[in-house]
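Next come two complexes built around chain A: one with chain B, the other with chain C.
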Partner chain A sequence: MKTKKFFLILLVILNFKILYAIEPNNEILKNKILKNIRCLICQGQSVYDSQSDFAISMKLVIDQKINEGLSESEIYDYLKDQYGQWISYDPEFNKKTFILWGLPILLFVIGGVIVSKKLIILK
Partner chain B sequence: MLASQIGYYSLILGLLMSFLITPICIKNFYNNKIIDIKIFSFSFLQFFLVFLSFFALIISFVISDFSNETVFNNSHSSKPLFYKIAGTWGNHEGSLLLWLLVLTFFIFLFIIKSNDQPKKYRILTILFQQIIIVGFFLFILSTSNPFGYLFPTPKEGLGLNPILQDPALAIHPPILYLGYVGSSIIFSASLAGIVQNYISKKWAKHIKIWILISWIFLTLGIMLGSIWAYYELGWGGFWFWDPVENVSLMPWLCLTALLHSILVLEKKSSLTSWTVILSIATFTFSMCGTFLVRSGILNSVHTFANDPSRGIFILIFLSILILISLVVFFLFHKEKKNEISKIYFLSKETSILINNWFVMYFLSVVLIGTVYPIFLEVISNEKISVGPPFYNKLIMPFLIFFLIFMSIGPKLHWIKTRFKKIKIQFFLLFIFSSFISFLIIKNMSFKNLINSFLISAAFYLFFITLKDFFSKEFSNLSQKISHFGFSLLILSILLNSLFSSELTTNLKVGEKISFKKGIISFESIENKKYKNYKSIVGYFRIEDNEKRLTILKPELRIYNQPYTITSEANIKTTLYSDKFLVMNLVKGNEYFNIRYQVKPFMIWVWISTLIIVLGGIHSLFKKNHEK
Partner chain C sequence: MKNKILLSIAIFFLIFCFIILFKSLNNSNVYVPESISGKPLINFDSQDLFSTIKISSDQIFVDSEFYILNIWASWCLPCRTEHPYLMEFNKNSSIKLIGLNYKDNPDSAKKFINKFGNPYSVNIVDLNGTISIKLGAYGVPETFLINKERKILKKIIGPLNKKLVKEINLIIK
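Moving on, here comes the complex of A and B:
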């Protein structure tokens, strides 16, 4: 019973290799970038999810930039230069966003202190 | 016309009921030993009047009475009957009326189902609930009257947004509202409990049912929305970290924490203050959600009604509610002296505390991620977007530890556990899980440390809960089912996101494209005409390298009223993976833009959510045989 299950799972896992990646490598990168940038004229959609004119031309731009040999972060930098921070779904860590990134972590630490105060550690 | 009149006046009468119920409640609170029967009758009458009003609105939609402003704005005579009815709550005014309906229904249900509770506590709960009810009545009547009158009567309505014309979305709002509104009962009951100093084991047992009910409906509601997004809105995505999704996730997280902490209160009468705070917070988050969505300050696909005056009303209302709860909490709440406030390190209480700690962290990430951009824009006029990368970075590393605690936590006993009770097999299973995740990661083209840890942890929880089903100890089956479902959910989401693959291209009829795994051929298109839309159906043959054939028929719908083009994905679902195909028009030529996706384990995302819910349902219906 147990071995059977084990092999079943193994079979599933080994099959992934066949399943994985029907697209060329460039496409993977392109789709990843498209999902991380906002369609500026849509209501809360990524460029990837949108079929608007803006999104279509954006897709062409990204294609071109990848072909020019720019790296992923270079492309983001280029886009932020052109359209501002609003376009990127991944906010930068800077003096305007340190609260955004830091506050949850700070709250986690505070929570940890409160929880540990409640506990008696058994010797 | 007539229906609108009836609806409007019964709404006003319904509000008057509140002014009858309140004095009776106050008199009854000081006088009799038993609860006044008039409270029952008037509460029922109030529910009935709101129901009548809602029913009248449905009738107006069914008969396409365009002298009603709401109907005119959101309906069209050529719409199928089902969507005329569903359109009733597919808009701002109607959905608020539905909210009010559930609100009055739930308080009536509370009154008849709480006979074993102290009289004064029940009356106070009704009173607090009436504050909320009056607030919603005023909100609807003053800013969002669903029975506005139009003269001269327009010949035709403007129609319902086609992407909302969908079976999953037709039932999504009512289910979600049952969850939201259920949390209002928890809110009122905990305030009443504080005033009466009644936050006890008995209270916990009684309120747990309401927590479970809200939690079940909220989970189902979120899932339905997500399913809808998957096949209608998205291009194969099912969770976008869209602000409106986030605001439904926040009360859910709060409720989940509450669901756990209430157990400590029920069994050990400990954590009273914390439980009360969570009860209040849950409803506050539900209300905040309404505020953020309705006021239109969020940039989202859901914002179908933007009206600043509504936002201000909800904001004031929300502040009043928060103020009331703060006053009640600080004036009346007393820590019980006999409460065991210290908790031993290795105990179930600890694991529940840890659960609450992590869930609150996730909540803070979602909350800050959602509201921070709004504040930043107000303060510095700078617009930033917070999307999936932010949430992934802040949530995923913590999820690893959360899953591990989730595996071990339920094994611990109340009060104290000795170290030797923790068996060696926990470690064996852990090694086994890590091994499996190693195999998976090895097969991938890119490596990611956090992903591999996360997969290990999810597998660990998976195996541990799976093992539990076969062990003889059948205590707390509901918890096992839900935790098992959760592990399955995380696993399917992870494997799905890691192994999804896709192909985007432009094709015209008769063309073929071959890719690594096979050939897609665009066979033909067919035009069809329906009552309220024209449809273009594409026939695609997909032949993979093993000569297996899949026929997919994605569709483009051109709705007449309002004029909108939607693309309906065609999805072939198997237990193993989903094959997903959408097509789109390319402007100005005969090419179609198609996107073909293979999404492994997609259906397991839904199945596992249902399993999680099943655990909740089991807990709701089980007899109290265990201690």
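Moving on, here comes the complex of A and C:
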């Protein structure tokens, strides 16, 4: 009987978690955007993580933009227009960022060539 | 021979990294997007600090050749150092100064103005900081130079100083 009671209580407690897990769609979108934008006055923090004045105001503005009906990409474009590419954790490929995107691929190719040459020599 | 080539590549790489890091020491760590100059000013609604009457940007940005929009707060120490420069700008008839009081207690803001003088023609409030974010601001103090077509000519992050005041005067001339 005691075991039954214990499991019943455990079941009830564990189900509370499900209640908290249900987030409205807007909240999911808002959190996704907040995690993808940089807090410009913080050291290595996203707006989502930061409690600075800048981040608190930014959260309000993004909330307003979602309520105005802007899509995720429209909100990123709006922020990039105001603050530049730096605000995004996912910068676009352009003449200023081509080294950022191209260098890892270039290094990977060079590494691949070196490794394959060594393997040919070993054979 | 091979080791020598590898060593020289490694030394070259280290020197390259050192030069980049050394050069970046002198650069400002505040990132300012280049695209802000020439951009039209956004429309916004706020309220007057003293009269608490609602006021829109269309009512503020009229009848002047140039506008200086200064974001300030009574709790902001650098705002005190730049205040004398704003008082100087107030004497120039071709400039209209607009204060945007950022996340401040209205009573403290009024005390600040009474103590240090009022350089602003209009002083509006931004209680939750959203107007500043929509303007593309980072915090306080920040200053925007705007022309009569309501285009942003210059954005200054941080307090005004002699050099920046000279730059603004050059643009105005």
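Just so we're on the same page, the second predicted complex is superposed on the first by the 98 of 123 C-alpha atoms of A that agree within 3 Å, B and C clash if a C-alpha of one lies under 4 Å from a C-alpha of the other, contacts with A are read in each partner's own complex, and residues count from 1 in each chain.
Keep this in mind: contacts are C-beta pairs under 8 Å (C-beta built on N, C-alpha and C of every residue); 3 or more make two chains touch, one makes a residue touch a chain.
This is a predicted model, so every value here is computed, not measured.
In the superposition on chain A, A:I99 contacts chain B only, with no contact to chain C.
When the shared chain is aligned, chain C comes close enough to touch A:I41, but chain B does not. By the touch criterion defined above, A:V115 lies against chain B but remains apart from chain C after alignment on the C-alpha atoms of chain A. Legend: residue contacts after superposition of the two complexes on their common chain; A:G84 is shown touching both chain B and chain C.
In the superposition on chain A, A:V61 makes contact with chain C only, not with chain B.
When the two complexes are overlaid on their common chain A, residue A:L107 makes contact with chain B while staying clear of chain C. Residues common to the contacts of chain A with chain B and with chain C across the two structures: 84-86. Per the touch definition, chain B reaches chain A in the complex via residues 233-235, 237, 240, 242-243, 298-301, 303, 341-346, 350, 353-354, 357, 360-361, 364-365, 368-369, 372, 376, 380, 382-390, 394, 398, 416, 436, 439-440, 443-445, 499, 501-504, 515-517, 567, 577, 584, 593, 598, 600. Contact residues on chain A toward chain C in their complex (touch as defined above): 40-41, 53-54, 56-58, 60-61, 64, 81-86.
Contact residues of chain C toward chain A in the complex are 31-35, 103, 128-130, 132-136, 138-139. Chain contact summary for the complex, chain A toward chain B: residues 9-10, 13-14, 16-23, 25, 27, 31, 35-36, 38, 43-46, 48-49, 51, 84-91, 96-97, 99-101, 103-105, 107-108, 111-112, 115, 118-122.
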